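So, here's a batch of structures to check.
The following pair of complexes shares a single chain, subunit A, combined with subunit B in the former and subunit C in the latter.
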Partner chain A sequence: MTGTATPAHGATKPVRVRRRVPTRTPHQAAKAGGGRLGGPLAALPWALPAFALVGVLLVYPFFRSVYGSLFEDNGFTSSYTGLDNYARLADDPVFGRSVLNTLMWVAGTLLLPVLAGLLIAVATHRMRFGGIAQLIIVLPFAISGAATAVLWNFMLTSDGAVNQVLRGVGLDSWAQTWLLEWPQNTLAMIVASTWQATGLNVVLFAIGLRAIPRETVEAAELDGASGWRMFRHITLPQLRAVTVVVVGMAIVNSLKAFDMIWILTKGGPSRSSETLALSMYRETFRLFHVGYGSAIALVLSAIVVASSWMYLRHQMPDTGTAKS
Partner chain B sequence: MGRTVRNVFVAGCVVLWLIPLYLLVVNALTPAAEYVGKPEWTVQGLGLWENVKTAWDVAGIGDSFQASLLYAVVCGLVAVLVAAMAAFAVVVLPIPRPAFWFWLIYSGTLFPLQMFLAPLFGLYADAGLYDTRIGLMLVYAAWAVPFAFFLVRNQMTTMSPELTEAALIDGASFGRIFWRIHVPLMRAGLGAAFIFQFTAVWNDLLLGITLSRSPDVQPVMAALTTLNNAYASTGPPVILAGALIVSVPTLLLFLVFRGLFLRGITASAR
Partner chain C sequence: MSGSRHASMDRRTLLVAAAAGALATACATAEGLPSGEVAVLGDSTAWEKPMTAAGAAMKSVAALRLVPEVNPSLESFEQIVRSSLRTDKTPDMLKYWSGYRLQDLARTGGIEDLTGQWDRAAARGWVEPSLREAFTYRRRVYGLPMNLAYWVIFYNPQVFREHGIEAPQTWDGFLGACGRLKKAGITPLHGTAADRWPSFIWFQEILSRQDPRFYQDLMNGRERYTDPRAERALRTIASFFDKDWFTPMDLSHTDAAAALVRGTVGMVACGTWLGSTLAAAGGRPGKNLDAFVLPMADPGARPSVVFESSALVATVKGPDRTEALKATGTWLHPTVMKAFSHTLQDGCPNPKVAPANPVIAGLAEKVRGDRLWLLNRFWEQGPPELVEATVDDLAGFLLNPSSYRETLRTMQDRADDAWQVWREAEET
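Our next item is the complex of A and B:
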């Protein structure tokens, strides 16, 4: 772990002495130096390109989208309807299913890839050929989401490889039309995305495992800890920092999941496997309910921001707020 | 965990992970004309080159491949440069309210892409940027900046401010300090950020299908999706060959720069 941006100036803030020698942190150094770095405007040109790109192409559209969600807009005409779009959301049965699918994605992509990643990392840790096993499992991560989706489409169609295998080993009744019925279409896609996403977690957990000091493990061994007890009381707590990252990324990514679903089912059949990310796209760009789509996008944004903020604040009380 | 149990578990996982990859390769190898409508489990001849050619020419993956390469390289570089400059301003220079600037730029990664799509579409239609390469490059660059900024900034805070102080006393300008001190010292961090953003742009599907239509503008993932939808006419071997093609750049990048890539991720850990 390269433990970088620990809140250095958050910790050293109460420096009251005005010094002429450089202090530990950049901002204070600048203030103490008294204008040696030029006026406060000297830094602006350096931030301006980033501000222009992000401001015009991300921040402005964001607020435009918030505003647009108050309108009934079909791409040609628009009329102010206040919060009607949100009221409609509550009544829309597709929206309910969409939220349910989104929750399934979050639960599925939290549980499966994180647990599998942890298990595989612990199992391959200090094992012969463990590195090779890790490399094989991480390979799908380097393949893009779209290519993974195309491959799994090939495996999951009714006469695809999965059913072929099931029939081959005599489990004919297990063979399914995987992508054509809810809920197995959502579940099948979660498995496919697990196949792709687990590798990264394995490698991250492996880095975390390698960072555990040998003395800690040896001391625990002397105290008679082994197997499950060792894992529960030594390994798991030491992996906390990595787990925070892994779970944090999983929350955000699963909420935004799009490629896999769009390519495998397009949210269908009859919108049964839509998630919020899909619903927004369909409403806006297929059905031209622009205002309604924006309302969905805002709900999704609220969920993403709220969940990642709550999670990070809960898990990293020391760094969560000190990211200034 | 018993030794045998562990070995069996790992072996099982490896097999499970290998099967789809194996099927991908074997079926991309099968000559399209000999494909019988069912996944092949053994090598049925060497049609890979033919399939790749079909996907490349007929399905237009070739055009998109070049377009995507352009987007990923240029936007990755621009994003990293712009992000490094912004990080320099926020960390090193005396900008007022650094926290505000940080959150303003970083907010771009927090929100789902869907939140920007509809207004961007309108904006692009009005400005004549819809379905142009420059339009896609602009939005990819903007989209790549926030996270690159996050990574670069995190690493820049670990550099000692004495370096900057010393250079200032020697009378170096900001530009000189940035190019001569920060950029060379941050080479690894900037590299990791570039790989990240290259991969992100290369893998994008949503912006591509929203803001472009013609084959020579569309990014490669959109082209692959189009190919997948035309399933019946081309057949799985061609589609899987297409999936192989689009995976090559990120796979190579990952295999070559694995260490840098992972350090980049773990750097975002705190």
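Our next item is the complex of A and C:
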């Protein structure tokens, strides 16, 4: 009944007309592009600073690296060599070791801090003084990566705390040169990184646990679920959203692992503990193989983007292309 | 309303001011320090005080003050130097390395020719003449020596006395001292691959004592790593491992200095610049701290010692170029050198300035008295890219001493490539 209001000609008294409430669908709004406001381009001035920032800080450096990786560049002179840098990657044993170490970091960081975080969060949830226990576990996360590395250096050197404790309790044969030999140097650093990273995961899982509706838990309890069954069929599925975030962050963090390794071993000895991030840094900034370093950076970028994309696509199908 | 208008005007004014500031910063040309002051960029915080002292002394000699600027990260220091040298935002002066690293920098055309300054200083006897080669590129001098550190073996005389050991005068005496320390339950030698670069130390020390001529030729690309003489040096080091004479390979120099003073490690091979670290660990020169030059293994070879000297460099595009050049003219002046080396507690390239530290003074006397052949350190010998890679190879050897043949082959392959690149660049 929001009919058009026809002027009542000749009427002595103006007729009260119900005004039409203009309703606009988003579709119509889009059509009204010719107006001063609300057109599709109207948002552009507001988005420009963001575009400019992303362009200058992200897009340009990325394409500059792609371009740079096609050159033999020592920082002073450069010559075009096409895909030579990529061909060299295939023959470089240090690059192969770096890829392997990077994969170890991804696997280790996925397994250890995520599992430990989940375990600790579940164990301390509803526990008496659980909050205090969680706080203690979260504390290392407040320390910077560099400081953590210095701390672990005291523990992992041949005369360090770990070996002294082992020798003290009679386990002399367990004492190792933790940082000097591959693969134990990489494994030891993954453990050190786990010590620090677990705290954040505990917080995230604790938040997830608190978000589980009480009714769901009570209903499951009425159905006789408890212990492992409760965890397997109620808690874990309810934590899915948090787990997606935690695992996603773990993947990206492990791929860019740098400060811990740089301080503890500088990627050595003999380049045995380098990851892709370290190899890129060393080639570019220590050896001044800028083009070759760019090629490594691109391989690392490709791995980061591909793994993140595959993971998110797999974990969050709803956010993919909407099927009509 | 008016309030909000004011607020918006304030915001606008602020934005305009910020934009103008950003533009001004972006368009600004390099500005140097005020007249009478020149900045020197270095990579070591330990050099900040000595540089300030030298700057104050220079004020009295040349009415110029040197102002130290430190970037303690080796990596970012090198990046700043290399990336800024072609621009007018480059530092006026630098503390750089001698040898091939300096040559590499001179090649860029970004640093000043200081031959005149060197010649004038040499004519007055202000500089050790045999150091010249380490600062020369294509027969021109591109840096002036700052310190003069000898590579020696530090030891604790109290510990030596307790076990009836004397500072060795011969190679056999050195081996004997190691054996006696080992028997006494003291780890005789500090060996390390921690922090990457120290991996070259024992190779450098042993090779230069077994055959200094071969060391010099190998480092300058005239001999091959696969030569039996290089193999002999690595086999000697491997024999030290067999006798269990080395500390764990992840013991840093700082920890080794403390262990030496405490008496749990017998000898530490390092440049005399370790003196300040040893002093900080409680070492008192002459009492519980002394040093000797590792004796020659081949008595027939020319007696030698490895040295290390940083280079004071002036840049071509630095904003205070004229003053920087003036400063280089007086850098080697005894007053400036004395203030610098006495604060640094290291050796001095000006023979007229006696080192303040009695241990280093004794070493300098021996080096000059015995006319030891000064060989530049491994780190400065050879194309930087080659050195950076070969220290990793040597680290691999230290962790697996039986791999010496393989290590030498790998090092030679690298050397072939690196020297080819270096020589090609030389021709262009």
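Here is the rule we use: the second predicted complex is superposed on the first by the 263 of 324 C-alpha atoms of A that agree within 3 Å, B and C clash if a C-alpha of one lies under 4 Å from a C-alpha of the other, contacts with A are read in each partner's own complex, and residues count from 1 in each chain.
Note that in this section a contact is a pair of C-beta atoms (placed from the backbone, for glycine too) under 8 Å apart; a residue touches a chain by one contact, two chains touch by 3 or more.
No experiment lies behind these values; they were computed from the predicted model shown.
Shared-chain residue A:177: touches subunit C; no touch with subunit B.
Of the two partner chains placed by the overlay, only subunit C lies in contact with A:158; subunit B stays clear of it. By the touch criterion defined above, A:299 reaches neither subunit B nor subunit C. In the superposed model, A:312 lies in contact with neither subunit B nor subunit C. Of the two partner chains, subunit C is the only one touched by A:269; subunit B is not.
By the touch criterion defined above, A:142 lies against subunit B but remains apart from subunit C after alignment on the C-alpha atoms of chain A. By the document's definition of touching, of the two partners only subunit B reaches A:46; subunit C does not. After overlaying the two complexes on the shared chain, residue contacts for A:70 are found with neither subunit B nor subunit C.
Of the two partner chains placed around the shared chain by superposition, neither subunit B nor subunit C is touched by A:234.
For subunit A, the partner with contacts to more residues, out of subunit B and subunit C, is B. 159, 281, 285 are the residues of subunit A that lie in the contact sets of both subunit B and subunit C, per the superposition on chain A. Residues 1, 6-7, 9-10, 13-14, 16-21, 23-24, 27, 37-39, 82-83, 85-86, 88-96, 98-99, 101-102, 104-108, 110-123, 138-139, 141-143, 145-146, 149, 153-155, 157-158, 161-162, 164-165, 168, 174, 178, 202-203, 205-206, 210, 221, 224-225, 228, 236, 239-240, 242-244, 246-247, 250-251, 253-255, 262-263, 265-270 of subunit B are the ones that touch subunit A when the two sit in their complex.
On subunit A, the positions that touch subunit B within their shared complex are 1-6, 8, 22-27, 29-31, 33, 36-38, 40, 42-44, 46-47, 49-51, 53-62, 64-65, 68, 116, 119-120, 122-124, 127, 130, 133, 136-137, 139-147, 149-155, 159-161, 164, 195, 199-200, 203-204, 207, 227, 241-242, 244-245, 255-256, 258-259, 262-263, 277, 280-281, 284-285, 290, 293-294, 296-298, 300-301, 304-305, 308, 316, 319, 323-324. Across the complex, subunit A is touched by residues 75, 78-79, 82-83, 86, 108, 193-196, 199, 248-251, 255, 385, 388-389, 392-393, 395-396, 398-399 of subunit C. The touching residues of subunit A, when paired with subunit C in their complex, are 75-76, 157-159, 177, 179-181, 266, 268-271, 281, 285-288.
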